[in-house]
Amino acid sequence: MLKTYYHPEPMTYDGTQLRSLWTYRHFHIMGDSIVTFRGPCKVSLDKMVDLEDVLVGDSIYSAEMLHFIIEHFDMDLEKTVYRQRLFMAMIKEDLEEVCGGALIRRGDDLYWREKKLSVSIATLSPVSTLIHVGLNLRTEGTPVPTASLEQIGEKDPEGFARRLMNQYAAEVADIYLARCKVRGVE
Amino acid sequence: MLKTYYHPEPMTYDGTQLRSLWTYRHFHIMGDSIVTFRGPCKVSLDKMVDLEDVLVGDSIYSAEMLHFIIEHFDMDLEKTVYRQRLFMAMIKEDLEEVCGGALIRRGDDLYWREKKLSVSIATLSPVSTLIHVGLNLRTEGTPVPTASLEQIGEKDPEGFARRLMNQYAAEVADIYLARCKVRGVE
Amino acid sequence: MLKTYYHPEPMTYDGTQLRSLWTYRHFHIMGDSIVTFRGPCKVSLDKMVDLEDVLVGDSIYSAEMLHFIIEHFDMDLEKTVYRQRLFMAMIKEDLEEVCGGALIRRGDDLYWREKKLSVSIATLSPVSTLIHVGLNLRTEGTPVPTASLEQIGEKDPEGFARRLMNQYAAEVADIYLARCKVRGVE
Amino acid sequence: MLKTYYHPEPMTYDGTQLRSLWTYRHFHIMGDSIVTFRGPCKVSLDKMVDLEDVLVGDSIYSAEMLHFIIEHFDMDLEKTVYRQRLFMAMIKEDLEEVCGGALIRRGDDLYWREKKLSVSIATLSPVSTLIHVGLNLRTEGTPVPTASLEQIGEKDPEGFARRLMNQYAAEVADIYLARCKVRGVE
Amino acid sequence: MLKTYYHPEPMTYDGTQLRSLWTYRHFHIMGDSIVTFRGPCKVSLDKMVDLEDVLVGDSIYSAEMLHFIIEHFDMDLEKTVYRQRLFMAMIKEDLEEVCGGALIRRGDDLYWREKKLSVSIATLSPVSTLIHVGLNLRTEGTPVPTASLEQIGEKDPEGFARRLMNQYAAEVADIYLARCKVRGVE
Amino acid sequence: MLKTYYHPEPMTYDGTQLRSLWTYRHFHIMGDSIVTFRGPCKVSLDKMVDLEDVLVGDSIYSAEMLHFIIEHFDMDLEKTVYRQRLFMAMIKEDLEEVCGGALIRRGDDLYWREKKLSVSIATLSPVSTLIHVGLNLRTEGTPVPTASLEQIGEKDPEGFARRLMNQYAAEVADIYLARCKVRGVE
């Protein structure tokens, strides 16, 4: 079972968290996991892993975000991109109740009235695959127009984060079981 | 690129369509594909691949459904369950415009006001993995309370199917490219 | 976590138990599992999966055995043969206390004073890999000289089986975690 | 066939030997291999790959050990942890003759009368998976109570090492063949 | 090391040879292998595995062919198609000496002056991947214009077959070693 | 579909081009690709990835070569060595028209009258597998006797490169489809 952890202390996401075994090193959580914390997001060019962003010179900045770090100990990056897309869809599904369907997912991005709610990336390390998702808690100073969780109606980031982590853990477990209850066909 | 095909003739889905190379045999479409057709859904017990349904004695029946058959030529069933879940989320995302957010996804099922809109299964064959998704076009005679595409506001099943197939093909291609533009991390 | 189950009713092992989802169909246990039961062992030639036995015309028979059926929902048969060998080594390790080191493992076979204690095979199904291990509870009528659990000092097959299943579940979980706590090297 | 090599010159194991192609670079042995040498064991914190040891501040030291370095050119770390566990069980099996069953395996550790005989780790490199096993030849100065091969009755480390390497090569080859002689089941 | 075997008795290739463990069942050769024999080639529609041939109603017939059956005990069909293409290129390379470069490879087919020399298919079984290659020894009665080994200058099919099997075994071994002597890059 | 690109500006191949995402970083080509350029070849010892060359102290130098860089976004190095060998066979097949069959392929090397036409290596990066092939355009100063494309009759390196890249892209696509049109066998 994928482990979940809400870290109560604020931390800056600067890209060094997207590293194998970061969760184990810092929180002593071993195995597949999803961890959440709050804090600024400042990723310098040399820490960015999405070369598309690097090529166009995009910077990644937010004064405060809700960060999710997901680690799966298998090496199939394409599968982890599927996991990332599904996770983004799950964020949207959860937030619909508060924002009434105004969220749009495009690939791994979420938009609210054409303002960007999220940043996200999936990559692989020598021993695992990793996902980072950041959702804006504040919107001032971002390089593109952004929306925050509060603006779209979610006033309780911690409760939201805990709920979402549990949903993700349950969905991942359910997907594995779905694979264990079908017979093959011809 | 995953190929798409809307088959204009009605066909009954009886489980024999969930078979390797069915799309190639019947429509001469080679490679990864998504195909749609309309028709009844009647799966007898010996054709059911979800043993959970078999164990509880569930039957699968609908007078008319919009059927999607997806085939991916790799052998990772867990990855294909991720694809299936993402596809269900995409159906929900597309239908939101017409039904205003009332759709709920639970695993691989879609519900509208607690009525079931869909059936779905993912499995593997000796050479590929396969997904079937059926969306009700009519609701009379189903073994559980069901909703139809029309009831939730989608009046043009063919247009919807074509749009969804294109979205799925684009998302699958985009996911592969997302895997091709990141550097690894430590 | 791999699930364990001791089935209290006697059953004949005739090879049909070495089949995908047999554990789910019969005991409603979903996912990776190890199951134990007692009963005769009679595998006819057409049910044998080890072609080496088929080629030399070996028959498999025991009046009563303690049977283990293990199912892992991945498709790497070589890995499952490693699991099988390790499981045989674990049986030996556990029995040492009662028999004082007289057991010898050769590949997937266990011998006690040159008499065969066990039969075992690993194979794959369309959706999983499978292991069968049988340990003699009685020795009369076997095609080769055999030893029984009782002869080597284990008087409580059920207690032994439950202990071994727990050890295997713990070892499998521990192996996965061992894979999740090391950094890669150059 | 996995290649075996006993290196007659003493060398210090300091963690830099657990590196891809170390065996090829130093001994010109190409392909899957197991190599043995004798020498001290001193691994500084920055060379340790087991983060559990790093987190608890364990140091690894022995005045003299018999070292085994195993390299398999596939990328499945979990499979290589199975190989490691099986190899530890094989060490135990071999030493039983001299020490009469007093050895206990717990995961990847071997104990003799509650004293530690071994250290071991499995990890992966960019092109292979690797195992290190060290067995104490001397026990003074170790950070925890240890036993040596000599204490448990093995007076000929080189003969033991050569025998064990041959057994491992044979077992690995036999496991592959075991995978090549079974038919699949339903 | 892939095993080679030239079977001296004539046999008809009717498609039933393209089956897992056929080589082990008939010749007691265990593990990855390439086997050659001579005989007619008559594959009825229900035995054909290339559905493209089935769809266009192609029949496969030759009065006498030199047949190669290759079995690799891994499950990656795409990799085995690469092996097949390389094997076809190797046949061409070998025959150049006798026919002076007039052979053309198109995918998995070999042509000599626009006449077809070969038939070939690659597929997978539940436990392995398999390749069949047939080279015409006689040309009368074939459904398309064909060339024979003799026509293109190879008068000694057995010597050619033995040489080619050895070359294939050597190339496969060399490819594995090529994978074991490079360091990874960034 | 694998993308092809002929880069018209001369560049020195010094080993730093054999790096993940080099093609994307420099030419903004995303996904599996083959790229060609002309220029000197000078690889210093610390950039060489073939440790066999390093061990024997081989240097790699050519005043001018036609370079191919191939990147596949999967992680199976053995499969990519098969791709490399097939690519070398394709170069040979293409050049036969101009040089009349005098080219010999030995593993991943091409020879013309015992002079070396090519250098090549395949390796893996953290996110992909990579191939470099260099074909001599000039022969002076090389550490071993070499032949150039011009000497063997190919006067138009760019046309040759473009043709070969298209052939490779077509063969790779065809191989995938070959995997998608066969049924499995028993």
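Read from first to last, the chains carry the letters A, B, C, D, E and F; within each, the first residue is number 1.
In the analysis below, contacts are C-beta pairs under 8 Å (C-beta built on N, C-alpha and C of every residue); 3 or more make two chains touch, one makes a residue touch a chain.
Computed from a predicted model, the values in this text were never measured in an experiment.
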Where each step is a move between two chains that touch, what is the least number of such steps from chain C to chain F? 2
Maximum distance between Cα centroids and chain B occurs for chain D
Would you kindly say which chain has the C-alpha centre located farthest from the C-alpha centre of chain F? C
Rounding to the nearest 5 degrees, give the angle of the rotation that lays the CA atoms of chain B over those of chain E. 120
Since chain A and chain D are copies that touch, is their contact same (over half of the numbers shared) or different (under half)? different
Please work out the Cα centroid separation of chain A and chain F, and write it as a whole number of Å. 39
Indicate the whole-number Å distance between the mean C-alpha point of chain E and the mean C-alpha point of chain F. 26
Whole-Å distance, chain B centre to chain D centre, using C-alpha means? 49
For chain C, give me the residues that contact two or more of the other chains. 20-21, 24, 30, 51-52, 75, 77, 123-127, 176, 179, 181-184
Chain pairs that touch, as defined at the top of this document: A-B, A-C, A-D, A-F, B-C, B-E, B-F, C-D, C-E, D-E, D-F, E-F
Which residues of chain B touch chain E once you look at their complex with the stated criterion? 21, 24-25, 28, 30, 75, 126-127
Interfacial residue positions of chain E with respect to chain D in the complex: 1, 20-21, 24, 30-32, 73, 125-128, 176-177, 179-184
Which part of chain E faces chain F closely enough to touch in the complex? 18-20, 49-52, 76-79, 81-83, 85-86, 89-90, 92-93, 96, 100-101, 104-105, 107-108, 121-126, 130, 171, 174-176, 178-179, 181-186
Chain C touches which residues of chain B in the complex? 51-52, 55, 75, 77, 123-124, 126
